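Here you go, one structure.
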Amino acid sequence: DFQLALLEVKSAFGADQDSFESMVLNGIINWSPAVQSILTEGLLHAKQVKNSARTPLVSVLLEGPVGSGKTALAVKMALQAQEAGFPFVRLVSAEKLVGMTEAAKSSAIAKAFDDSYKSPLSVIIIDEIERLLDYAPIGPRFSNSVLQTLLVLAKRLPPTGRKLLIIATTSHANVVNSLGLEDAFDVRLTVPNLNKMDQVRTVLKEIDAFTEQEWRDYDKYTRTLPFFSTANPHIWIGIKKLLMLIEMAAQDESSKVVKFLSSLQDACGQMDTLG
Amino acid sequence: DFQLALLEVKSAFGADQDSFESMVLNGIINWSPAVQSILTEGLLHAKQVKNSARTPLVSVLLEGPVGSGKTALAVKMALQAQEAGFPFVRLVSAEKLVGMTEAAKSSAIAKAFDDSYKSPLSVIIIDEIERLLDYAPIGPRFSNSVLQTLLVLAKRLPPTGRKLLIIATTSHANVVNSLGLEDAFDVRLTVPNLNKMDQVRTVLKEIDAFTEQEWRDYDKYTRTLPFFSTANPHIWIGIKKLLMLIEMAAQDESSKVVKFLSSLQDACGQMDTLG
Amino acid sequence: DFQLALLEVKSAFGADQDSFESMVLNGIINWSPAVQSILTEGLLHAKQVKNSARTPLVSVLLEGPVGSGKTALAVKMALQAQEAGFPFVRLVSAEKLVGMTEAAKSSAIAKAFDDSYKSPLSVIIIDEIERLLDYAPIGPRFSNSVLQTLLVLAKRLPPTGRKLLIIATTSHANVVNSLGLEDAFDVRLTVPNLNKMDQVRTVLKEIDAFTEQEWRDYDKYTRTLPFFSTANPHIWIGIKKLLMLIEMAAQDESSKVVKFLSSLQDACGQMDTLG
Amino acid sequence: DFQLALLEVKSAFGADQDSFESMVLNGIINWSPAVQSILTEGLLHAKQVKNSARTPLVSVLLEGPVGSGKTALAVKMALQAQEAGFPFVRLVSAEKLVGMTEAAKSSAIAKAFDDSYKSPLSVIIIDEIERLLDYAPIGPRFSNSVLQTLLVLAKRLPPTGRKLLIIATTSHANVVNSLGLEDAFDVRLTVPNLNKMDQVRTVLKEIDAFTEQEWRDYDKYTRTLPFFSTANPHIWIGIKKLLMLIEMAAQDESSKVVKFLSSLQDACGQMDTLG
Amino acid sequence: DFQLALLEVKSAFGADQDSFESMVLNGIINWSPAVQSILTEGLLHAKQVKNSARTPLVSVLLEGPVGSGKTALAVKMALQAQEAGFPFVRLVSAEKLVGMTEAAKSSAIAKAFDDSYKSPLSVIIIDEIERLLDYAPIGPRFSNSVLQTLLVLAKRLPPTGRKLLIIATTSHANVVNSLGLEDAFDVRLTVPNLNKMDQVRTVLKEIDAFTEQEWRDYDKYTRTLPFFSTANPHIWIGIKKLLMLIEMAAQDESSKVVKFLSSLQDACGQMDTLG
Amino acid sequence: DFQLALLEVKSAFGADQDSFESMVLNGIINWSPAVQSILTEGLLHAKQVKNSARTPLVSVLLEGPVGSGKTALAVKMALQAQEAGFPFVRLVSAEKLVGMTEAAKSSAIAKAFDDSYKSPLSVIIIDEIERLLDYAPIGPRFSNSVLQTLLVLAKRLPPTGRKLLIIATTSHANVVNSLGLEDAFDVRLTVPNLNKMDQVRTVLKEIDAFTEQEWRDYDKYTRTLPFFSTANPHIWIGIKKLLMLIEMAAQDESSKVVKFLSSLQDACGQMDTLG
């Protein structure tokens, strides 16, 4: 019945495969060497799980600001592991658990782990821990039942002969720490925001945001306006928000570049005006 | 069965169409350029949703004082989008959910989103977030279950090929922020109160509040009484309350103008007496 | 079926009519011009609801000390409106909801509103908001479910063609405010306590409390004792408590006047002794 | 069916009659004029209820230290009223409600009131309010459901033609006040502790505590030992505890008097030793 | 059916008899006159209950440090009463209620009292009040339902003709007080820890802990080492812990005495080293 | 039916035997004399339980930092006891109770104790008390129902003729204390972290971590780099984490030693860089 288990595993995987695509909707743009090095480290841990007899379980936490690209990177890591021979990949995400009771959420999470034990090599993505925990900053409130489930499952060794890589994400690292989840992860990786106009330029180029004329305007503005000078340390934006700003500006055909730069400046919390 | 789904969508819409009218009971009076620019920006985002492949979901938050006209403007925006080709418009409002349990409210909200996914282009209005959350300032208390549902749904991408514009309103922007909902919206627009006697005059004119004689009295009083001088910065009233004051005064046939100005002054929190 | 609805409305009203009487058990004594002006303003708002197309819903809050006569005045206002053509009058009061769960209370309140929508013109009295809310000062504790129901219903427009006057009472105005209910009412009226011996005398006269001899004693004492001099600002008593004191004193046939004045002084929190 | 109702009332009363006896197990000893004056005032209010048309409901609160005799006095008052023509007397006490849910307790209390409405003249004793409220000082915790029930029922007028006297007791007057129950009672009476050796002597005499020889010892000790001198203000004990001390001492045949005085001194919190 | 009731009573008693033995597993060692005087006072109160008509209920609280022997002494007292003619003895202890809901616990306790009313003379032991209350110091948390049950039952008079002695134990006297249980007991007795090496010696002798050679060592060490000098006030240990230390040391055949003294010193919180 | 009970016991044990192996996955490495002395003391208490008539129950608490090897040592102790003649060994661990309600957890724990009473000699391991308690530092929150179950069961004597050794573990000794569990254990043992490079070396040798060449590099680096000098007091790592670091480094074939030392330094919270 291992064949059967594998089949089940495959179909479970297939079910998720679809949603994986929408989670990396805009691909992974290589706007900084940090992006590649996160993916490399992820692959290394997949190999450790596969090769070491002493550590059949490794858990990785991706932490970073809202919209920095954590979910996309976690999914990408899991797909890499899949290529490296992990037949089972499962995404545990609050999006699928909307409206469930605490008990149902806990049990859905536990089921993902139990399912994974059917495959010799598995990856489980736990996306947005704070959302799975129903965390609210006022109180604060959270589901202790889900918390305890995660505290136990993140450390529970798979049965003999099974191996598991856990990839979790959070934009509330402090919450994760203060709930005692910090000891539950073997490795922590930080996903950065963009903080240089060069990086912004790389993204704009990559997605072919402007016409030639617009590029000339863009270069003129960014060279002359003080806000965009290399000296200004105020650039601080996640890749997700940046892509949103580009698309908003794109609606304004006549003044796309000015609109983009102006809203980028707003988003970075600045009040200087454009010419 | 897409035909069927569309039918369902249409009828659901039809059901709401009726209540939309009572929500803009007194029309949209153009008492300031700000009114129009809010509606324009709303239309722009509807177009972004329709046109951009990279942002199939855009969420807008209308925030402003109690009675400033948020609900009327949100509904107006949705009707504009409807004209621009969004066949599905759904209003999510506490008025329909009175007395439901937290779980039932969460699930009614989730259903609105699931329904919207049947249409290629949809608008969802989420009116008075604080009321959906059962927010009470003492405690404070709120439905964490509804909060988590909103936190997830406001960011969840629709299925491939579906697109969604979310328009939410609140008069408790600080509550929305402190609950972590602030990161859930791509755009925030502020709906202002009236703060000039000129704007009040525009509204009175628009709804034909006075007879010619009354207008003469009105102009005399507002010109001579210090409270109504342009220098006085104390005018601060929402359009909804203003319309209420006009109607109250109207019962007092003999001294309509004095009654109106006196109660306007009270409402703006002033203690000067009229002649 | 409008006929039918009306019938239902009539009978519902009939059922309440009875309890209305006991709520104004001792009539409305005109001990101050303030009493009449509260009733007048109430009638004005009833007419506004009836006449204005722009304000199909008006909500009035009667606030005042414990025992100041709020319930009696609210009921009187509703009876005035009834005479002015409102066929539906409903009393929502904690006395009828004793021992219900929060959910049952919320739903009973919502039902009163739904019932009112069957009549073109309706009045709903919401007596003692703090009691409907199960408010307890320690905690503080209250039914958030009932609070949310009131917050929504007090502002929800009746269906097209229906009009509604809401009259609510509270002796905990500060609680009502701190729960955010203050924005839910269009008009606030304050019911005063008696604060002059002249007003007390008016009440005693009205209910024929004393024999001629007793009146002579009464006048002697109140003229000579410093506590009852017009200069003393300590008179502060609600009409309900005053009537209770009069009846207690009446048991003491031999020293009715002394007993009354002595207990009045106690009730006003004074320690001077009578001769 | 009034006959029937009365029958029911009688039997309900009969059921309680029995337990009334054990609640005044040791009779009412007249150790101070205050004892009689409390009973007199109780009777006065019974007559007011019976005679006045304006106050069909009067509520009295007996407050005093633990063991001061509140329950016995409340029951005595009710029995007086019974003799004065009140056919219905009901005791509401936590002793009968042990282990019930909050809802069941609320409903049992409400039932006592509903039952009382079947009789034209009724007395309801509400013994130990704090216990009915499940009050615990840590938290503090209490049953808000029972509290709201009491807040409403203590003020709800009986139906037309019915009259009701409420007698409640508490040894936690501060709790009663801070829960807002203080406005629910028309009259408050304070039950004192014994605070003079003369009063203690009256009790000892009344129950024939000592033999002649023992009385001689008693008088010698109390005259000579400073603790029992009239100047010492430390005597402070409830009648219930005093009776307990007398019975304990009675076991010690040989040194009854010394044992009694020694334990009285301990109970009054003193450390002086007896000869 | 009194015969029947008595039978039931007997069998209920029989059931407990067994567990009574294990609760005095190591007998009552007479290590101090205080031990005997506690038992004597217990017997005195049993007689009071039996003989006095005025106090059919007496309640005694045994308070003392963890492991001081409270449970053993309470059981011993109950067995004394049994010999003195109380046919019904019942032990109420958290050990039998493990895992029950609050309501089930309350009702089990109430049942013990109701059962006791079937016998003319009864003893109820309430062991470890804080455990019955599910008390946890963080919060603090406790079962208010059990608390209220105890508050009522500890003071409720048995039905006419029935008499009851209550013996309760606690090692958290402060908790008992702060929950208002302190007024529920008529008598409080304190169970002490051992605080002199002489007392320790009495225990060691009584249970024949050492061989002759070991006694010589013991006497040498305790005479010479400063920690065990009569001047040192640090001896402070409960009889239960002391017996545990003796048994642990007994495993270490070769150095029993040194091991015992060393661990006694540790247990008393001291850091001096043995030679 | 004792035979039957024993059979049951055996099979229950057999079921656990399997998971015991994975809990000592990497054996017990003798990196310090402390390791052996903990195991020795464990065996001593097993013998005490077996031999002493006065202490049929002994409870031991293993406390130590996260990852210090508590679970492995507790299991090892239990296996020692098994060899010494305890036929029943049961592991109570949160891993098996994931997602259960508080009541179900309490009852599973109680069942383990009831099962153990079927065998004359039993060992129960209670692994990670804080996890069984569903402890969360924010609040803090915990299952009071499980806490009370543990508080009672850890002290409840087994039935006559049965004997029990309890071995519990925790990495939150302060939590255990502040919940009042500290009085529930007879013995406390501390499991240390590694704090010397010599100890690290012993572990590396034991598991044959490096080739000869790598050992040469290792010795060079640790001798020359200041961080690894014997004077540096910053070495502080649990055996579990240390094994994880070794396996991670092993993936990096080319620079295994540098990688290991670098990550060891990081784990010990240091920022010095390697050559």
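We call the chains A, B, C, D, E and F, going by the order they appear; numbering starts again at 1 in every chain.
Criterion: a residue touches a chain if its C-beta (ideal position, glycine included) is under 8 Å from a C-beta of that chain, and two chains touch if they have at least 3 such contacts.
Treat the numbers as computed from the prediction; the structure is a model and nothing was measured.
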Chain B to chain D, fewest steps along touching chains: 2
Any chain in contact with chain B as well as chain F: A
Proportion of interface numbers common to chain C and chain D (over half same, under half different): different
Rotation, 0 to 180 degrees and nearest 5, that superposes chain A on copy chain D via CA atoms: 180
Distance from chain E to chain B - Cα centre to Cα centre, in angstrom: 69
Cα-centroid distance, chain B relative to chain C, in whole angstrom: 34
Distance between chain centroids, defined by C-alpha means - chain C, chain E (Å): 60
Successive chains around the closed ring, taking chain A as origin and chain F next: A, F, E, D, C, B
Footprint of chain E on chain D - complex, ascending: 21-22, 25-26, 66-67, 94-95, 98-99, 101, 131, 134-138, 141, 207, 243-244, 246-248, 250-252
Residue ranges of chain E in contact with chain D within the complex: 44-45, 47-48, 51-52, 54-55, 58, 103, 106-107, 110, 140, 142, 144-145, 147-149, 151-153, 156-157, 159-160, 178-180, 183, 186-187
